[in-house]
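One chain, chain A, links the two complexes that follow: it is found with chain B in the first and with chain C in the second.
== the complex of A and B ==
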């Protein structure tokens, strides 16, 4: 039960964070989550290719226009497809991706609890 | 020419010896003398021929024998000798020959070093290992012969990929392979032991050493790869959750789980099924890794050779091995665990089970994250990327209880335990939380999660440190490894939190200045080396305290093949790394300069060395 509470707190903290992150941090955060499409396994942030550099400028521009982080991801998703996002959103394609590990964790816990541990 | 010939026929002879070994083992299975007379000498011969073959390939590289296709594709006369040699395993064919070398080396060492075990068990282990070895011989000879001829003979080779022309990457594959392939011996041995029904505490003690060898090399191999990625790939990160990195992490996670699980088997002769499954899984994951990397399915920085046909071969081979292991598992393994056993909730057994539970979870996250995009692509032809945010979100929250159990678990007793020194445990927890809060109080991002995370890592840090002095070398290997792990997590966290970065464009002679740093782009030099030409940029970087550093990153243009790379210049000190890298911007006369200060970088490497040092101590320690 204690663990559960820990997790809840943690997951909530995701939503309350980043409120006053600076513009620059925000841009870095966004570009870290974008795949440089012409590179081999590098993020836009890490890459110095022309593609990556032009994307960095686009991100800056979108931030100036006042778009939120999610809106920017959405923009890139529409333009380049989901392949560009390193952080896949939860939808019908990715239910298994996100939930299967958690399910495995729960089942594993249940097996251990049922077959080995006896409370006295 | 002659080397290729000798090398190729050595491979054929090695394969024939492998087939012979099957025959001998089958015919004389009940004759216990066969081992020392025939089998041992045959497996030595096999090793000998593989070594010859491998040496032939190395010699072909050294003398730049371009009649050999592998040499032609991966070398050049102007390469320094060191990279000619390391080019041997810097390609698909050569690296598979190295696989084979390690496979045969391990089984030979196993036969020589294993004493006090039934002869039948040793022979059967050899048989299972030979199945793998013969599979790899066939793979090598049929799909990836390293000794293919080219005619007419080219006068010059195509050269070696520049990012592979590096000292760390020269030793990274052999060490990683020792770990990867070392797990084959665990696989063969567990199948043999299952067939003969001799899985017991005795067997656990014997196999633990082999698990440790694999584990130590795998840990060091991953470390070297990581260090290489840090200074060579030029983004200043050391782990990107890249599929090829994940592929090396998965066997590591499985091996680590096995290493803990075997402790229970060693003491109490239970959990046998689980040990068998884990041993099989470890090697299967190593094979899967080879399949994923070699087949070119993965989109990754590290993929430097691929071919679908080869992928198919490994896939089929992999299925045969899995099928065989499942067959043996279900036919021969009778679960003797049925005698009633249960663990008290507070005991060493339970804490190890919790370790296994979490490790399996981490493994499933990495596995699903790596292969899910491939399946999705095949089934729905939708491409998605799974990158660092996915892994961080799923792993970091679970790290917190994991670290806490890691601190408390080792101090528990077998069977039934009580929490001793509750006051210590609680006061350390409070100290850790306070310290973490103090460190982070001026930090406004994600403060809650970071505080919890750092306090749990600090907790592990303090508890293991205390155990080190209180327990007086009792269980020192575990102690050091756990301490190293706490240090690793702390260094990674601090490294992430307190890193700073400046990205700017500068011409020669220009100055960048902000409140904390002043970067002066002083001059540009040129350098000519045997395998590349370089532009060296000289920077002077100073801070308001008057400390000044000179850093000289390079832009290299490699000959053969002509590829431009950026070489970072890194100044490492105990507390932080200063990392600078430049890039050319096309059609402009300025350079893109990226300067990073990365605290505790050195400690990340040191802590991994500490972790593997724990393994080394456990390996050399005599059982009391």
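== the complex of A and C ==
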């Protein structure tokens, strides 16, 4: 009986630490994609400034409230603007950024196709 | 056939790259926060500075009145510099100055006010910095001009004579 109780506690503690780790992963992922606006070239995750520390607490709170990752990004986008996100969404200011690699890839493919495959 | 198309493709690619880089030249690489965007003030619960009683944002800001929300802290050196301007603004009595005490300890903040004077009509506290994030603030000192529950203008950094003149012009 004693052994069983011990075993149960062991399993439970393992379970909870695991759940906690998952939450932490999510929080780290989100803070890594948020720019620390008062630092130079650092994400919120990397920074230890007052601003970044407050932001981390807010991210934790929002996660506790049950907001999804995208909802949290949207929240900060409204507060601070697009610049706070490292991963910008597709809009009229960023379409070149998103479409250029695809365009270059296609043109490159066309050149290769023309010069090597059609040649044969 | 091949020799005719290839130069065109190369010129086309260089053309695109040239246009992108040329457009990039015009963009300012210095990040400037949007300070003129009108935004609703956030809804929040906080504590009063002196009494420690619970406070709601709706009890702090009334419609039809002009407020200047100032984020300050006793450990913040630029806050000391701007404090005399806040005192002056308060003595003119055209704007209600509200203080947000940022990540501070009560004793230090109190002696700061005793030493330099208290220009604030109301003060509430932001112990962990989360309220300032809700306001979209970057740090201390920072001031928001508020009318009808809307942020009219945001001043990042300490106030100076020039900005005080601007505030006086805006609230006329």
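Following the convention adopted for this analysis, the second predicted complex is superposed on the first by the 96 of 120 C-alpha atoms of A that agree within 3 Å, B and C clash if a C-alpha of one lies under 4 Å from a C-alpha of the other, contacts with A are read in each partner's own complex, and residues count from 1 in each chain.
Heads up, the rule we're going with is that a residue touches a chain if its C-beta (ideal position, glycine included) is under 8 Å from a C-beta of that chain, and two chains touch if they have at least 3 such contacts.
All values reported here derive from a predicted model rather than from experimental measurement.
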item: Contacts of A:68 with chain B and chain C, given as first, second, both or neither; value: neither
item: Partner chain in contact with A:51 - chain B first, chain C second, else both or neither; value: second
item: Contacts of A:114 with chain B and chain C, given as first, second, both or neither; value: second
item: Residue contacts with chain A in the superposition, chain B compared against chain C; value: B
item: First (chain B), second (chain C), both or neither touched by A:100; value: both
item: Touching partner for A:85 - first (chain B), second (chain C), both, neither; value: first
item: First (chain B), second (chain C), both or neither touched by A:38; value: second
item: Contact residues common to both interfaces of chain A (with chain B and with chain C); value: 50, 53, 81, 83, 96, 100, 104, 118-119
item: Sites on chain A touched by chain B in the complex; value: 3, 6-7, 9-11, 13-14, 16-18, 20-21, 25, 28, 32-33, 35, 40-43, 45-48, 50, 53, 81-88, 93-94, 96-98, 100-102, 104-105, 108-109, 112, 116-120
item: Chain C-touching residues of chain A, taken from the complex the two chains share; value: 37-38, 49-51, 53-55, 57-58, 61, 79-81, 83, 96, 100, 103-104, 107, 110-111, 114-115, 118-119
item: Residues of chain B touching chain A in the complex; value: 233-237, 240, 242-243, 299-303, 341-345, 349-350, 353-354, 357, 360-361, 364-365, 368-369, 372, 376, 380, 382-390, 393-394, 396-398, 400-401, 444-446, 448-449, 452, 501, 566, 583, 585-586, 592, 594
item: Touch list for chain C against partner chain A, complex; value: 2, 5-6, 9, 12-13, 16, 20, 23, 31, 33-34, 103, 128-130, 132-134, 136, 138-139
